[in-house]
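Heads up, there are several structures right after this.
First chain A sits with chain B, and in the next complex the same chain sits with chain C.
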Partner chain A sequence: MLLNRAQAKLHLGVAIPTALLTLVCLAFYVRESLEAGKPVGGGSGSGLICGIVAGLVIVFEMGLWPRKALRRLRLLPTKYWLAAHIWLGLASLPLAIAHCGFHLGGWLPATFMVLFVLCIVSGVYGLVVQNVLPRYMLRNLPSETIYNQIDYVSEQTVKDARQMLLTACGRNLSREQAFEEEPELEGVSTHTIVIGAVRQAGRTRGRTLETQRVPEAREDRETLWTALSEIEPFLLRGDAAQTPVNNRQQASQWFSRLRSACSEDGQSVIDILEGMCDQRRQFDIQATLHRWLHTWLAIHVGLSVAVSVLLAVHVWTALKYW
Partner chain B sequence: MATETGKERSQRIQIDYYRRRTDLHRFRSLCVAIGLFGALAYAAYVALAGRSHASTGPIASVHAAFENDCQQCHRDLTPISSRGSKLSIGLLGIAPETTVEHIETACQACHQVGDHHRDTMNTEWQLADRACADCHADHQGRDHDLTAISLQRCVSCHADLASGCVGTPSVRNSVVGFDKATHGDFASLNIEDPGRIKFDHAQHMMPGQVDTDNRGGFTIGQLPPLDRPRYRREGQEDDDLVTLDCSSCHEMSGAPADGKTLIADGELGRYIQPIAFDRHCAACHSLNPDVATEFSTPLPHAVTWDQVDLLLAANRSGAQALGLTRSARDDSQSTPLPGVGLGRKSVADASMSQEDLAAARQRVQVKCLQCHDQDSITDEAIARSTSPGNELIPSRWLRHGLYDHAAHRKIDCRYCHRAAYPRDEASGAPNDHERVMIAGIDSCIWCHRSEELPTPLALTDAVTARLIDGQPTWASDQCTLCHRYHTPHGRSQRHAEEVNMSDLAAESATNFASPPTTEPSR
Partner chain C sequence: MSDKSDPNPADSKVVSFDVVGLAGDVRPDDEGLFARNVDGQLIRVERATASQLDQDVKLTIDGQDVTVKKAVPTRDSQGNILRDRDGVPVPRPTTIYDATSAAFVRNPGDPHPIPALCHKEHLPPVGVCRVCVVEATEMTRRGPRRKLVPSCVQRVTDGMIVNTINSQADQEAAERVKAASQTVIELLMADHLPDAQRRAPGNELAAIADRMGINRSRFQPRGIERGKDSSSRMILVDHDQCILCGRCQRGCNWVKHNNVIGRGDKGYTARIAFDLDDPMAQSSCVSCGECAVSCPTGALEFQPSFIETQIERVKNEMRAEKKDGDIVTADELVKYPLFSGIPYKFLQFNGAAVVRRILKPGDVLCREGEYGSTAVIMLSGEFEVFLKTTRGAVRNRSAGGIRGLFGGLKTVLEKAGGRAKLADIGAAQLNENERILLTAADVILGEMTCMNRYPRSATVLATEQSEVLEIRRNVLYMLQRNAVSREILDRVYRERSLRGQLASLPIFDALDEASREKAAEYLRDKVDLLSVDPGQPVFRQGDFADDYYVNRLGFVKVTQQYGRNERVLNYLGPGNGFGEIGLLSGIGNLISESRGQAVEPGSRTATCTALDHVELIRIKGEDFRGLLDAFPDLRDALVNKAEQILRRDEEALDRLQAIEADEYLDQGLFLAQNLLVLDLERCTRCDECTKACADTHDGVTRLVRDGLRFDKFLVASSCRSCMDPYCLVGCPVDAIHRNGDSLEIEIEDYCIGCGLCAENCPYGNINMHGFPKQEIDAKGKLRNVYDQQKGVRTAVIQQRATTCDLCRSIDGRPSCVYACPHEAAFRMSGEELMKIVSR
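Moving on, here comes the complex of A and B:
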């Protein structure tokens, strides 16, 4: 969820009441601790209030899960729910610390507290990366696609490249047999291919599909087909493959040499091949950033589940061994 | 020339892409499974085998024997924790009275201690007085000292005693720290020494108990043979002067005779034994009126005059009967004297005449009046002074606080009892026996102060440093170092002040509060 000026009204509407609630609870706690001459624990009146509020917050936080699963019910707009999830979750940490009287206690309370803190930390991490990385990706990865379609789109790109070379240069004579295994390319005689094109929304530019006309480059047939065979592993698997175009700088030098080895007609084909490599490079970056952007959620959810179970156990043991 | 259709373009993204599971989906499922089953497995372990895991922390070593037997102290839905006595939750059936009753029952099953002036408290404070866990919170770690009560804990009530007392507090209404402003000087020192014993400390600490350059000092040889080793210092002969110091008369209560073994001296040395005539005075101040023979029965101290008369007469008659002394009217001589001859031997009357007896008693009284005034040596006064609580020398000067002499044994006596040392004629101070020679709170607060306060300059000068034996100069200012919360079981503190001091010490030892010791030096 974004934290910016446009969302200020939404966030302040939740954050201020949450902060007030927390401050009131903590004020009671500080007052009782001063009265007792030491930080009181969960067995005190104010400590118990802090604990109950923190516990209810945990229950509410877990409510986001069914809210998402039952989104068709349109319970409450998700943005309100998520804003409350963020601010109440943050407020629950000081309340929980006050509740435990600033000491971890035995194994169960300590485990509970450690997991709870990790859960909060993972949530804060998620909030930060969600505010930073998407902006970065939008500005720096114009070829961004759907994460789980990266491999599929890469295969499409390789097919596009082959089709482009077939159109521009004709068959690769050294790989006659290979073409026989690709009947879909056999009869292609179109002089247009589909490649990425720049799209613009405000100051942000992205790429979309565009049909381009491919010039004839038959005299560079062997060179271009050889070049494609060298970069094809990279186009398919990205950094996982060892090719001369993995690194942007090396790729630039490699394509310069390729350009010098080809005629004038082949230059536009090379431009498209270089663009394809750049797109694949962006896919790799996108995949990495995507994992940064979403792995925390898996950890956060796992920790949340554990915290919810331990909360129930804690309530039971606290009432039994008060 | 064929161009790609819109449909073909859309096929560049799989139509069911959103249903396809990625590695991230699988990782999330794994995390949820680990979180859920891990937590459930741990919960099952806690419920079935690991109840100690539910503990909020290790319990103190003194309770460790029943660490895994939670029901020894805990009861379902009944708070026992610190501050639990303040909770009132009708929904769960939790009420302060029920909670306090449970706490009291659980703790007093083993620790039957007295209350804290409960009869002077209002209902709210009485409830708090019964809530043991308010001060003695367990589950704070194995090494946690359950009796270490912070100053703030005491101040929470003593900042304004009137708010919790049914009447006017008999002690200072507000005590919020340990210095003259926040605590006040020791109340016991505001009462003057009744001065019923005439005694000059400085005189007694002079060699031979005479002023410098004066002759006639008391020598070791003048002491009864049995007492000489006790007063003889290393290298002294019988002709040397008796030289006393504080420990000659002021002995730690229960301290071993050799003064070296300090086993449990926290208790043994807490008090100074009361001065006893027979032990501390009789060696020099024999009550027998005449020159006593080695067969004379020493006159006892603090008995009625009839008993004194009886012993005087018995001594006289016994000595005469054995031929060790002669009657007053027997002027017989073994060798004839010119004009007198052998004299007249009186053999018939071995008894003592009333006149002789009166004269002997008079001589005893003269000795008594060396230390006592006339009113103190009547039979009634003697009987009164020997009853508990009416001793002529108070057995305990600081009646509200404890002072552990053993804990302070490295400090020179004159640090607190400077007035007992060399005479200061210029000061115009009252006579020795009319002064309480205990320094006030000022002598304590230099060391016993808040951790945040720096070392006072007064402690750094050479003289003071020598008096405190160069010790580190910080000690705790906790109230419990000097004061005890629990009165002896079943008695109020006021009563406790009247009981014999040794009884108090014994009861204090049975109290679960351990003896106070000075904090680790720093």
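Moving on, here comes the complex of A and C:
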């Protein structure tokens, strides 16, 4: 969730009451500790209050999970839940530390505390990447598509590339299977192909649907079909394939050589091929960023479940040995 | 037959009857003084004024008193009235031939008392053959003046006495006319009618000779031969048979606008010529066949090999597609009254375009949702029309069980009513479980599919042994163009369907059933039936409003001008009415009074244009006012409705006028009223919006998190409630339309799942969703239908169109926005998006 001035109203609406609640609890705790001459533990009145509040926060935090699963229910918009999740979660750490009186205690509270801190750290990490990566993606990945559609879009790009070469240069005579495949493509042959053009709109570049007329480039038939066969694995599988266009710099050199080997008419075809490679490169970056953006959640949820279980055990043992 | 507004008659290649500049005081019968060259023909064209359209002329034809208007509106080849830029019909003088037609040709197939060769009702008259000569007596200062005149170009005058060859009132006059006409015919026969053509079907010269009892010409044929042109594989040109009537020339140049045929040579060798007198095959002729169809003699005939090839090709196609039926030849077709007025050669040319089918009881004639290219003429038998798709509303309901306890939903089909409007069956309305029976008396069905290529509206099956003719578009087009056929079709429509359609008009919603029937009865004999060509405006914004229209075939586009731009308010399918706002505003300023100066009294507030071939019912202003006087409840309801529409339009217009941005316009966002916009700076691509949408709609999302980008916003693929909702066009049962209050797109419960709206949506925002097919059981409840195959029971699935309903079926708060945890999803209009981006 983005933390910026535009969302101040949402965040402050939750952060201020949370901060007040935390400060009140900590004030109690500090006063009692000062009276006792040392940091009091969970058995003290204020320590217990801090612990109960922190425990309730943990229970509430876990509530986000079923809340998100039950999307259909109108239990307040999810943005309020997430804002509360962030600020109450952050507030629970000082309360938990106060509750344990700055001691890790036995193995159970120690494990509990370590996992709890890791859980909060993972959450903070998530918050940071959610604040940084979407902006990065917006500015640097104009060809971004839906993550799980990357393979499909890549296949479609290869089909588009073949269609384009068929229209511009004619059949690929060097391919054995060409005669089987091309009649189908030939049936839909037009001199216009659909491209996802990157264009400037306002302050940001964006992807919109555009069509482009394909020029005749029959002179470069063999060169261009060969070029496509070399870059096709990259277009389909990205970095997982070893091709001369994996790296942006190498790709630039490779396309320069291709340009010099082709006639004037073939240049715009090469432009489109280069654009396709660039799109695939963006997909690879998008896939990486997507993992960065979302894999932490699995860790965070795992830790949260562990913390919840340990909280239950902690409450049970505390009540048992009171 | 129809009202057609021609924005610029000068551009439309229609012959001009305007003779401004001619000497005004020339006597009408001194044709030599003011004959004019119109497309190679020296003809007399007289000026007619708009006021003459309302002036009566009384004359006597063959002893019968006849009253006609002094001028008639000029019509094009389809009978459409041509209008000038101001919407006023372009007048032309009423001729004796017109008046005789009005007096004596009352029923289809009635012979015209005046034989004619060079004249045809859909072509401007040129009066060159003189076969249509009649004796006209006019009163002058010197007493009565009797003269033989060509009836096709001679205008009528008050008190004129006309005698044709059939006149019983003045048999001597009839003899004189006959003698003159006979001489002309014999002269033509001598030069242009070889013996081989004497019995040829479609040779009008031979037919007229027979009718007048002329066995042989008294004149010697000429010695000069003009030759033949057999270069075309389609049309054989025999110049010797050509009487130079110019019908081929007018057909080519004025009807089809091909401008290939002209004249060549002079004197005896004068003949028609293609381009610069090229052989036909080497000219720019496009082989449309119009010249041969127009030719009244054997000068232009279809090559027999061409017709045989055409028939064989269609037979092969039918065999390949395993279709039953026999091709009906032109000789058979002319025996049917409906086809009797159509030129024989046209039927010959389209010999493979009519197929006869014999259906056994239970045989399906057509299925709802199927695309087709034919209309059906019912010759005998009875047919049942019904909607096979069960009427059921797509609704969200609790999933039940534990899932339901936690708010789980499932999308179901629920029993629902609703009257589907069957565009293909004369816009008839069908209630649930209702079936319509059609017989041969209904003559035709399926015109909408045939003319406009829309899916079939309903399933039709034969209930008894039946015989039908399936006709293709060009034949239907000719049926609508030909006066005889058109009259049959219109009469049948008036007798069989009109009253029902009027009674179910939306403007009568405020009336009870009995009053609706009374109102329909009141209007039935007062309405006009019109047809409008694609792209032609029915009326324009700002025009004087004096008629109310009901659409019975095709789609009408309703647009409104704002500044230099235009927005589409609606697309109206069959069964919908329009024009009430302008009309009401003219009735005692009903709307203007309550809305100040917002509505110009009596003027149209929007432009209505035919999107495709449109057939309309026109209720004249005076009849509409009479209706409102007779039914005061209707008046109040209509005023309220019109005010609502105007208020809504004004609000939308205010929004539009504030917008100016190229990018914004490029991406079509200005048309959007309700965008799903994702702020990509905030969006973490978690897909919660998509999942929430899927959760709300039984696991099928109605949005895709991809689409156009505008600045930092992603405009996701979800229904935009466009201002130009092209998805509305073509629905065969009128199941998709604007929500009355908010302009949002709404799919009605009686959607038959043909998928046309999904294909039409340019943004892919309408999806076809499979639901288990349901049927109503004995208790009136919907039950799933199962198919048993090899012992396995599987639910039968039927498709329904679904689109974003903004979660109105739950609480009206879109789940996509509600579920977004990052405050990145918004619903906004295109204008609001623009404002945010402009900051």
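Keep this in mind: the second predicted complex is superposed on the first by the 309 of 322 C-alpha atoms of A that agree within 3 Å, B and C clash if a C-alpha of one lies under 4 Å from a C-alpha of the other, contacts with A are read in each partner's own complex, and residues count from 1 in each chain.
The rule we apply is simple: a residue touches a chain if its C-beta (ideal position, glycine included) is under 8 Å from a C-beta of that chain, and two chains touch if they have at least 3 such contacts.
Nothing here was measured: the structure is a model prediction, and the numbers come from that model.
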Which of chain B and chain C A:146 touches, first, second, both or neither = both
Should A:291 be classified as contacting the first partner (chain B), the second (chain C), both, or neither?
-> first
Check whether A:170 is in contact with chain B, with chain C, with both or with neither, and answer first, second, both or neither.
-> neither
Touched partner set for A:78, first chain B, second chain C, both or neither = second
On chain A, what residues does chain B touch that chain C touches as well?
-> 145-147, 149, 209, 290, 294
Of all residues in chain B, which touch chain A in the complex?
-> 1-4, 9, 12-14, 17, 20, 22, 24, 27-28, 30-32, 34-36, 38-40, 42-43, 46-47, 50, 52-58, 70, 74, 76-84, 86-87, 92, 134, 139-140, 150-153, 155-156
Would you tell me which residues of chain A are touching chain B in their complex?
-> 32, 34-38, 40-45, 47-48, 103-109, 111, 145-149, 152-153, 156, 190-192, 194, 209, 211, 290-291, 294-295, 297-299, 301-310, 312-313, 317, 319-322
Under the touch definition given earlier, write down the residues of chain A that touch chain C in their complex.
-> 1-2, 7, 10, 68, 70-74, 77-79, 81-82, 130, 133-135, 137-138, 142, 145-147, 149, 201-204, 206-209, 290, 293-294
Can you list the chain C residues touching chain A in their complex?
-> 406-409, 663, 667, 680-688, 691-692, 695-696, 704-706, 708-712, 810-811, 813, 815, 817-824, 837
